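Across the two complexes that follow, subunit A remains constant while its partner is subunit B and subsequently subunit C.
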Partner chain A sequence: MNNPPAPDAGAPRRPTDWRGTAMQRRIRRRYAAERRFRLIGLGAVVLSAGFLAFLLITMLSNGIAGFTRTEVTLPIDFRAAQLDVTPQQLESRGADLALAGAGLEELVERSATAAFGAHGPDVISPHAWTGVRDALKDDPSLLNRKAAISVPVSQDLKSALDGAGKPEMQAIAAKLKQHDMIGSSFDFGFLMSADSTDPTDVGIWGAVKGSLFTMLVTLAIAFPIGVLSAVYLEEYARKNRWTDLIEVSINNLAAVPSIIFGLLGLAVFLSFMNLPRSASLVGGLTLALMIMPVIVIASRNAIKAVPPSIRDAALGVGASKVQVIFHHVLPLALPGILTGTIIGMARALGETAPLLMIGMRAFIAQPPEGLTDPATVLPVQIFLWSDQISRGFVERTSAAIIVLLLFLLAMNALAIYLRNRFETRW
Partner chain B sequence: MTDTQAPAVRTDNTERATPKRETHIKMAARDVNVFYGTSHAIRDVSIDVDMENVTAFIGPSGCGKSTFLRTLNRMNDTIPIARVTGDITLDGEDIYSPDMDVVQLRARVGMVFQKPNPFPKSIYENVAYGPRIHGLAPAKRDLDGIVESALKRAGLWEEVKDRLDDSGTALSGGQQQRLCIARAIAVDPEVILMDEPCSALDPIATAKIEELIHALRGKYAIVIVTHNMQQAARVSQKTAFFHLGHLVEYGETSEIFTNPREERTKDYITGRYG
Partner chain C sequence: MFGRLTVIAAAAIAVTGCSQDSSRDYMKIVGSSTVYPFSTAVAEAMVNANPSLKTPVIESTGTGGGMKLFCNGVGVQHPDIEDASRRMTPGEFQTCTQNGVDGIMEIQVGMDGVAFAESKKGPKLELTRADIYRALAANPMGKQQTAKFWNDVNPKLPHTPIQVFGPPSTSGTRDALAELILAKGCKEVDPQAAKLEESDKDAFKDRCQRIREDGAYVDKGENDNIIVQNLTVSPNAIGIFGYSYLEENRDRLNGVPVNGVEPTYANIADRSYPGARPLFIYVKKQHLNAVPGMKQFLHEYTQMWDPDGPLVAKGMIAAPADIRQQSERIIDQGTTITAETLADDELH
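Entry: the complex of A and B
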């Protein structure tokens, strides 16, 4: 009734020709546009899936070899060698020392020379004797007989087996292959030891442990501080120029390049607070600074998404503000908060640059025992190995990348699970 | 705001509305003004709410009736720009005085909202939440009793007694609203404010809520905001007509609907505007 009359209300309108050619053309154009758009979208998906598949296939084909170790069967005559150890000593705690003192390493080298010729000691890995040592500890009765023990081969022989490397090694490799003395097995050592200079002896466990410690510190610092900041900003802080400024700063912090956080960590935690260099404690603190903005932003969005009717309901029965927050808002916001936190943690797990700044790139051959021990983390370990010239490290690098990707995959799967599991409908 | 001349009926409504029998005035508002920032939402409203009658607030959208309702249990405190002046008392106590604990006030003056808003928890937890945070039930057995009696009073017990552990959000809209009423009753309030409790419900669910309001009358002072004038006529004994932030007329419901004194009230209830 209060609509203004159309300007030309008097002239009768011609009936619309829904079947005319102009109309048909318009319809065809519309369908064509739709098809085009769908094709472009499909193309984008196929392209990104292709990149991902390429990455995964390359990593897997290189990396699988990194998880296995090539072994050669080495005959050793313990009875003739007359090692100066008793079976009782082998059962005791000092077995390692006793065997080393008894010249086990030399025995293994002698056996290698006997079995494979003058280049024998180069055929087996320099750490082969530790495998023999463990075999002796498992079965002391070996001391009184001849035995054939599988020991890891050297990097030189490994190259030779692939058809590269020194000619004398290639000759030995061919002979060994002929006599079927080469085997391979899953390399548990890779999962259980730390960095080393020899690619046949390196392990990922040191880096994994360092990553775990670092993540623990990051989570313990960033999660409570981030969530509490978000709660305060959303629920308590008055909206004024200061909170606007804080909001802008947090959004900017989330976009700051990670290396800057490394410099910050270097200046604050190492120079000012004198915390130990290369420690997972410092790494965790630095990464906590880095992902805190991510957690704050995710938590604020999750808190904002809690419908006001729930707050009203709780206030209406006389809940105090803190009760409203802890009984209703936070439980409902938790899936979003956790998802944001896990995504932030995944980012921190894959972060390299800031950790280089605080000295976590050192060569560390012992897995860290505590938060203040020198440590390295998975991505830094990958970075360090990828820098090595020795060929054996290529496979190890790929294997380490697979381990890192598995961790990331597990974390993202957890985030998705939490989101679906605790998604509440109201 | 075009309406500058203050309506004549502001404070004299008390004498006019003096009922025949003795009533116990539960809440009294005197010269209440509410501002949202610079906008003046409620202008000099004075009104008494008593124990024996259901009081209905009617008026066109945006007239301030919900705003005024929310001043009665200080729900407007949650809006930072809202400012309230004037006196509102509950049993003679000023509810805006610094001595008044707002958490206790809201327990004493319960509220039911426009859209059913059960917590996304079990039916039992929905009702038990209020008594628990106020420490009304020391033992689990007491709490069970409170939950059962609140659900019975809200007329929901028979429908849900076998599935108290189901989520409150899984109930139908009408059941959810009765659950919200049970939740409000469970803390044993003195006043229940209802902000258009039936606007999201179908006619059958609405009828159930209206029956419930009848049943609860006398035990609690009930104030209900409604857009539906038939509903106001059905459930209330007293009606207040709000327009543009003013309380235009307040009196016996029968009086307002059959013989309004104000022209604007008459226009509104006959559907001339609104």
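Entry: the complex of A and C
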């Protein structure tokens, strides 16, 4: 045969001299290579963990302030002001209209001037009067007395409190601090309202609701279609040139840049089907197109991993093809299918580019009520705020990023839970 | 479980199938990212003053992108108002008319300036329109662009590399840069430019307004804050954006004087700054009575655009008094534009 000739055929074979210098050197080199490889691996992990930690730390340190609201106590004498509204009007449905006409905005400005001096109106947020309006609606008896109401401060005063901004504001800030009139509290408004033009008044709820609606549509379209395609391709389709072509196309689609799906959505859903622009329905449909290939690929792999012996056994005891699929194959493939779906959904949740094409990059100041209402989603809201002129939006942007990260974390945790819950090993 | 999913899917497809309802109770506004902050502020004030109205949906698409949507037709799915940081072009007006959009009101709401800015640590450049043209054009004087350093275009300028961050081609700021700075700088230095403008518009554009694409001019997308951030880390670079961004970042950035005029509020308001430009909104008159809130919106704009008004606090520059009066008259009388008024080169 082709065996290399032994060096000293005939001569008796000596045992390896492990203590010899040459052998020791070789052993040292092997150990060094092992250590090097381990360290490179560790270095890769440390590097990526470092990037992640940097992201999280900057986001948290910037964003925590975005969840709080700085308030100042504003004394208002409603009784002396003689607003042209009755307590009955305040309890009726036209309360907003009545108060808007009664000069409440001017009253709040006057009170601010009285309390904080000539720059008073600049101390409080331009939307402070809507807070006063809500306080009046909650308690109409305020109309007949003096009251001290906590209102949000303006962006100018906020930066002055941090030691920046205009000198006259810094003077007021110092005085207010001395008299202990500044407080801060958790900003529930941020979690409950929608977009606004003033950073002291914005909220994330509109975008969260838009994201939820969009994800709902995406899931309702992409999951059944994706899973059914995977079942058909794995269980029914014959292996021929056409199914090969389909397989290649699906793999290609999964790698297509998302902006192209945006253009497709624009052409099909807006121009051809005439669906409303900026609606979460269209956003959901577009993202469904985007993640469907991901779901098909994950589901096919999960279905492929179900051992054929299980199918054969079920067919052997007389089950129909549909029974085999629904009673045996799909339940066993479910953890893989769900993991793939949730990872696809997480990608859709973080997607911005295709949604810009279909008009979700918009100022929408009220949370959507239905699927066809104009809506925006979390990542687009973050994108919009990052482009705002006022610097107060920086911390709000970071706060919105934290909300988005929490969403993603929850979805991925669900994926892990579902996988562990349904996983079967054999 | 799968049965239920099928029902949900069927429901979703049913929702998809039904068409849009035939009326809309909120306004749709599209267009310039420069006018966006002002229109959103006006929209908010309008809803606070008239709580029964719904907040308008305002999309920031860039002036050019918005014009396409605006001129696409009349009806619920088309926007009512277009925010523009430059005038409508005759071509866009023609598209509008072809698609049945006749009766467009042109309202100048204020002014803005194309500001050139550098970091506080920057080389303190002072440019002229001609310098900017020579440094940024793709084919200055009809020759291939070769300038790498500012002193290549003008020996008096320092030996720092030409690196400019600016808006993309969909942006009205970019159009204003081409119109107000590049085209005029071109005519100053190139004797053939004026002749070319008469005879061959496309050749004129290629020679005078096309911006170089070899990496010295970096298109930073519609996000002007990104340009501001980039300037603070690269002190030799110059950024081009709307004046309000310079105003908000005065502690980090210096304005670059153009033709010896600093980009300041006063200089833009009296138009002595070469990069001063008007801001418009275009209103579809056919929608004026059909969509609730449009009249209130226009009224609110007139209340807020004064020199001591809230829009100026947001970074806009108020238009001169006579223009504000003229705009108010247009709103009152519903005057619409024609091809002739647009061709009239004189800005309001």
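Heads up, the rule we're going with is that the second predicted complex is superposed on the first by the 398 of 426 C-alpha atoms of A that agree within 3 Å, B and C clash if a C-alpha of one lies under 4 Å from a C-alpha of the other, contacts with A are read in each partner's own complex, and residues count from 1 in each chain.
Everything that follows uses one rule, which is that a contact is a pair of C-beta atoms (placed from the backbone, for glycine too) under 8 Å apart; a residue touches a chain by one contact, two chains touch by 3 or more.
Just so it is clear, the model here is predicted, and its values are computed rather than measured.
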Putting subunit B and subunit C on the same copy of subunit A, do they fit or clash?
-> fit
Would you check which partner chain A:223 touches, where first means subunit B only, second means subunit C only, and both and neither mean what they say?
-> second
Go through the superposed model and pick first if A:239 touches only subunit B, second if only subunit C, both, or neither.
-> first
Which superposed partner A:326 touches (first subunit B, second subunit C, both, neither) = second
Of the two partner chains, subunit B (first) and subunit C (second), which one does A:315 touch, if any: first, second, both, or neither?
-> first
In the superposed arrangement, which partner chain does A:281 touch: subunit B (first), subunit C (second), both, or neither?
-> second
May I ask you to decide whether A:15 touches subunit B, subunit C, both, or neither, giving the answer as first, second, both or neither?
-> neither
Of the two partner chains, subunit B (first) and subunit C (second), which one does A:167 touch, if any: first, second, both, or neither?
-> neither
Of subunit B and subunit C, which one contacts the greater number of residues in subunit A?
-> C
Of all C-alpha distances between subunit B and subunit C after superposition, which is the least, in Å?
-> 17
Common ground on subunit A, meaning residues reached by subunit C in one complex and by subunit B in the other = none
Residue positions on subunit C within touch of subunit A in the complex are 2, 5-6, 8-9, 11-13, 15-16, 19-21, 26, 28, 33, 36-37, 39-41, 43-44, 47-52, 54-61, 77, 222-225, 244-245, 248, 251, 310, 314-315
Residue set of subunit A touching subunit C in the complex reads 96-97, 100, 105, 126, 130, 164, 196-197, 217, 220-221, 223-225, 273-278, 281, 285, 326, 330, 359, 361-366, 371-372, 374, 383-384, 386-391
Which of the residues in subunit B end up touching subunit A in this complex?
-> 73, 75, 78, 80, 103-107, 110-113, 115, 117-120, 129-130, 133-134, 169, 180, 183-184, 186-187
Can you list the subunit A residues touching subunit B in their complex?
-> 238-239, 307, 309-320, 323, 327-328, 332, 424-426
